[in-house]
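What follows are several structures.
One chain, chain A, links the two complexes that follow: it is found with chain B in the first and with chain C in the second.
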Partner chain A sequence: MQEFVEFTLGGVSTGMIYAAIALSLVLIWRGTRILNYSQGGMAMFTAYIALIVINHTGNYWLGFAVALASGLVLGAVLERTVIRQVASKAPMNAVIVTIGLLIFLEGLAGIIYGGSFRSFPPAFSIGGLSLGSIALGITRNDLFTAAAVLAAAIVLGLVFRFTSVGLRMRATAFNSSVARLLGVRVGRVLTLGWALAGLLGALAGMLVTPTTFLYPNSMDAIFVLGFTAAVIGGLESPVGAVVGGLILGVVLSYVGGYLGSQLVDIFGLAALVVVLMVRPSGLFSTTATRQV
Partner chain B sequence: MTLARHLGAAVLAAVLIGILSVKLGQFREYQMAEVAAYVVAAAGLTVLIGLSGQISIGHGAFMAIGAYATALLVLHLGWPIELVFVASVVISAVAGGIFGIAAARLRGPYLAGATLLLAVALPTVANAYQGVFGGDQGEPVSVTTPGFLGTSFPLTRWQAWLGCAFALVTLVLLANLVHSRVGRSWRALRDDEVAASLAGLNVARLQILAFIVSSACAGLGGAILAMWALSASPGDFTLTLSIALLTAAVLGGLGSLLGAIWGSLVLVLVPSYLSNLASSHGLSSGASASVPIAAYGIVLIIVMLVFPAGIQGGIRRLLGPAAPAAAAPLSALRRRAPASTHQEEGTT
Partner chain C sequence: MSKAAALATDDVVAGYGGVEVLHGVSISAAAATITTVLGANGAGKTTLLRTIGGIVRPRSGRILLDGVDLARRRPEDVARAGVAHVPEGQGVIIELTVEENLRLGGLLRPGGERAAALADAYQRFGMLADRRRRAAGTLSGGERQILVIARALMSAPRVLLLDEPSLGLAPKIVAQVMDLIRQLRDDAGLTVVLVEQNARSALAIANRGIVLNVGKVVAEDDGAALAADVGLRRHYLGF
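The block that comes next holds the complex of A and B.
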């Protein structure tokens, strides 16, 4: 029973990280119909920048802020320089270009920082918490992880729902041509979407890296599971992304806990294939599926 | 006629390879087998992406299946290597068929994500079942030169000849397939799936077939790679390998078998040159090893943005309009209508 509680709470915490990646993917997908395969690479790169700042200043929170800011800038720059060129072409070209961005960022990180595994400081203590005499199997840092992603998701939801910028972003996602005719600067909105996605990815990178170490490929496995979470949620729905992340996190935590941690990735693949076969539009999608 | 032309080209290439392997010396021989492995796998991938219009970012996983099949068959059954290669092809074709059934229901970014996950997840199986697959160390592959070639025949030459022979046979078979009814059907469904199915083509079956063919090729590539490296281990089949294959196919020109050859040559010859260049400019060995990886990324982005027809497209343009357009015109990929209602929603 205690094991079960530990695995569940641990799963919620990693699930929130998948949710952050999934949210960033949904944000870009809604705006540009591009799936950003370089999201994990961007997160990894901003984590390196954060690590340098932390090592130089000794201030974790300064590094945290710099990581989020550089994620924001990186997202905007990539959208302006590369993505905009490929957005009008066939979907396949965009897939290949974002894969190119991923491997470019990983190679660049290897050139600048070397390929070795580096330890990464957590925001808070990683000592296990307990409720009375029962160990909960989670740490203060896990709580911070869940709270940070939840806060980001809520802020994002409020911005989308109640601000003029959010309205413009929703209008662009719904129908960019009409939005343009109605005076929305669609180009800027798309750049903003990528910037926010970069920020979310950087957040996920800061939160997960203490548990994975930092190296050029450190976000690969996290990213593919975040993608799976986004697909479970339907790629369209921010709420779906969060719920998909939580479901995936908890299920994979049981798999890792009861069956062995090496099976987690394979079960993630199985989950993705099953969801795509049974309900290709995801659990929360409202749009019609592709018809042939 | 087409068959005769392809066979003639293959015989010419075989003679050329034989001469080159003797003339160029041991290190180049060693590289020839590696090129052969990449050519086979990249040719399969270029057929899948450029002709049938399905993308895979995870073909390194099928190479891993072929390589482990080779290692285990040699280790436990001791079959001759030629037979092992054929068996590895069959095994990876079956795996590709199973994955292809799922893949046929997926489009564009979904398929890319699923194959990406395959590339990340499959190598972890080797660690999960260490008793069978040998964990991180992997399994050794023992290869010896056959007796009839004499005792002084170098192993590297045998590896090069064996790899290149299988590569040439694969290319001839693929070239004929591409020019056959099946190849035309693939192009039809790549350009417009709805029209293809209205014209009576079984879209799902054709897509699964494309996945089987390309994963069989990837499996053979992996088998050759295992024979070349004398081992199969999870570290050889990372996501980077899958993306390197994609780079070879894209750089050569998607849909072009000759392009797969050019791309693979670049992939084997240029990275070591780049790494050496970087370390001679004062980069540490770890950093130098990352230079080719960053270069793959730049190549993928620039080729896709600036000249999506790749090297073979450039050669075709140089040779002028008289040259036959043997493989896919990449412009079709660019002109293609949105593949999903997801796509249309944003633009209509």
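The block that comes next holds the complex of A and C.
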């Protein structure tokens, strides 16, 4: 029983990281119908920037803020300079371009920072928490991870639901040509979508890197699992992305705990294949309502 | 015509890819009038509206709103200049609620005016007030047409471009929509450019009628005069 609680709580914590990546992919997918394969690479790059700031200033939270800000800027700049050129072309062009961006960012990180594994500081203590004499199997940092992603998702949800900017973003996602006719500057909305996705990716990078070390490919595996979470959620739905992340995190935690940690990655990939085979539109897809 | 044209096109040439659809079209719509653009399928009516609305870029010619040239501006900038374009069919965003659709239309107004504009819309269109929390996709065809017109009005436009508002609607609903368009002109002083396949209904409310055929203006006159011209009706308007 105690093991079960440990695995569940640990799974929730890692699941929230997948959820952050999934959310960033959903934001971009809804706006531009592009799957951003460079999302992990962008997150890795901002983590390097954060590490430099932290090492120079000794201030973790300054590095954290700089990472989020640079994710925001990186997302906006990539959308304006690269993505806008391919957004109106055949879908395969965008696929190739974002994969190219991933390789570019990973190569650039290797050139600038080298390929060695660097340890990365967590926000809070990674000593295990316990309730009375029972160890819970999670740390203060895990709690922070879950809370940070949950807070980001809630803020995003509130912005979508209750603000003018959110209304413009949703209108653009659902029907950009009608949004344009109503005076929505769709180009700016898409840039904003990429910027927010960059910020979420940077958040995920800050949260996950303490457990993986930092190196140019350090986000690759996390990206695949975040992508799987997004697919489980249906790629369209922000709520689906968070729930998909949680489901995947908990299931993989049980797999790692009960069956062996070497099986985690293979189960993650198997889950992706099974979802795409059985229910390619995801568990929370809203696209069915669009068949007018 | 004594009144200055609120909206005019001057020798507009436009098309898609290698195909030229409009071969030099000049129309003018006086302020606070309904100008209907008629013609058979493929005459270029929708292309003309799409060109005015900025969706299709004209190859040459001018599009004048109160004397300012809007040609080659993007759709969102044309909307911001005060031209509300209600496209043919599918104009509502079905995933958003009725109220969100309306709020979206009002975003061009200063923040302080939006709540009042929404209240006005609900007062004028009680049906929408009753359905404000429902997804727009649950509305009937007629209700959707009312919604898109109400949404266009939320921006307080100077000119309203309507593309086939009667398409797919039952005759009774068509009459209601036409009546609404007439009210907007008479009560609110709105300038309307109405593209219609349903020439009889459109001419019944229009001040001026323009007949397009294969991308050229072939007739232009007062609405009543066009409706009375038997040869023209038989040739181009089909009633």
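For this structure, a couple of remarks:
Note that the second predicted complex is superposed on the first by the 287 of 292 C-alpha atoms of A that agree within 3 Å, B and C clash if a C-alpha of one lies under 4 Å from a C-alpha of the other, contacts with A are read in each partner's own complex, and residues count from 1 in each chain.
Everything below uses one rule, namely that contacts are C-beta pairs under 8 Å (C-beta built on N, C-alpha and C of every residue); 3 or more make two chains touch, one makes a residue touch a chain.
All figures in this text were calculated on a predicted structure; none of them were measured in a lab.
Touch criterion met: A:104 reaches chain B, while chain C stays clear of it.
Judged by the number of chain A residues each one touches, B leads among chain B and chain C.
Of the two partner chains placed by superposition, only chain C is touched by A:167; chain B is not. Judged by the touch definition given at the top, the superposed model places A:277 against chain B, while chain C stays out of reach.
In the overlay built on the shared chain, the residue A:175 is in contact with chain B and with chain C. After overlaying the two complexes on the shared chain, residue contacts for A:186 are found with chain C alone; chain B is out of touch. Within the superposed three-chain model, A:214 lies out of touch with both chain B and chain C [touch as defined at top].
Touched by chain B in one complex and by chain C in the other are residues 175, 177, 289-290, 292 of chain A. Chain contact summary for the complex, chain A toward chain B: residues 29, 32-35, 37, 82, 85-86, 89-93, 95-97, 99-112, 114-116, 173, 175-177, 216-217, 220-221, 224, 227-228, 231, 235, 260, 262-266, 268-269, 272-273, 276-277, 280, 287-292. Considering their complex, residues 164, 167-168, 170-171, 174-175, 177-186, 286, 289-290, 292 of chain A touch chain C. Interface residues of chain C facing chain A in the complex, by the touch rule stated above, are 53, 55, 74-76, 79-80, 84-87, 90-96, 100, 103-105, 107-108, 111, 135, 137, 151, 155. Residues of chain B touching chain A in their complex: 49, 53, 55, 57, 102, 105-110, 112-114, 116-118, 120-122, 124-125, 127-128, 193-194, 197, 203, 238-240, 243, 246, 250, 278, 283-284, 286-287, 289-301, 304-305, 308, 333-336, 338-343, 345-348.
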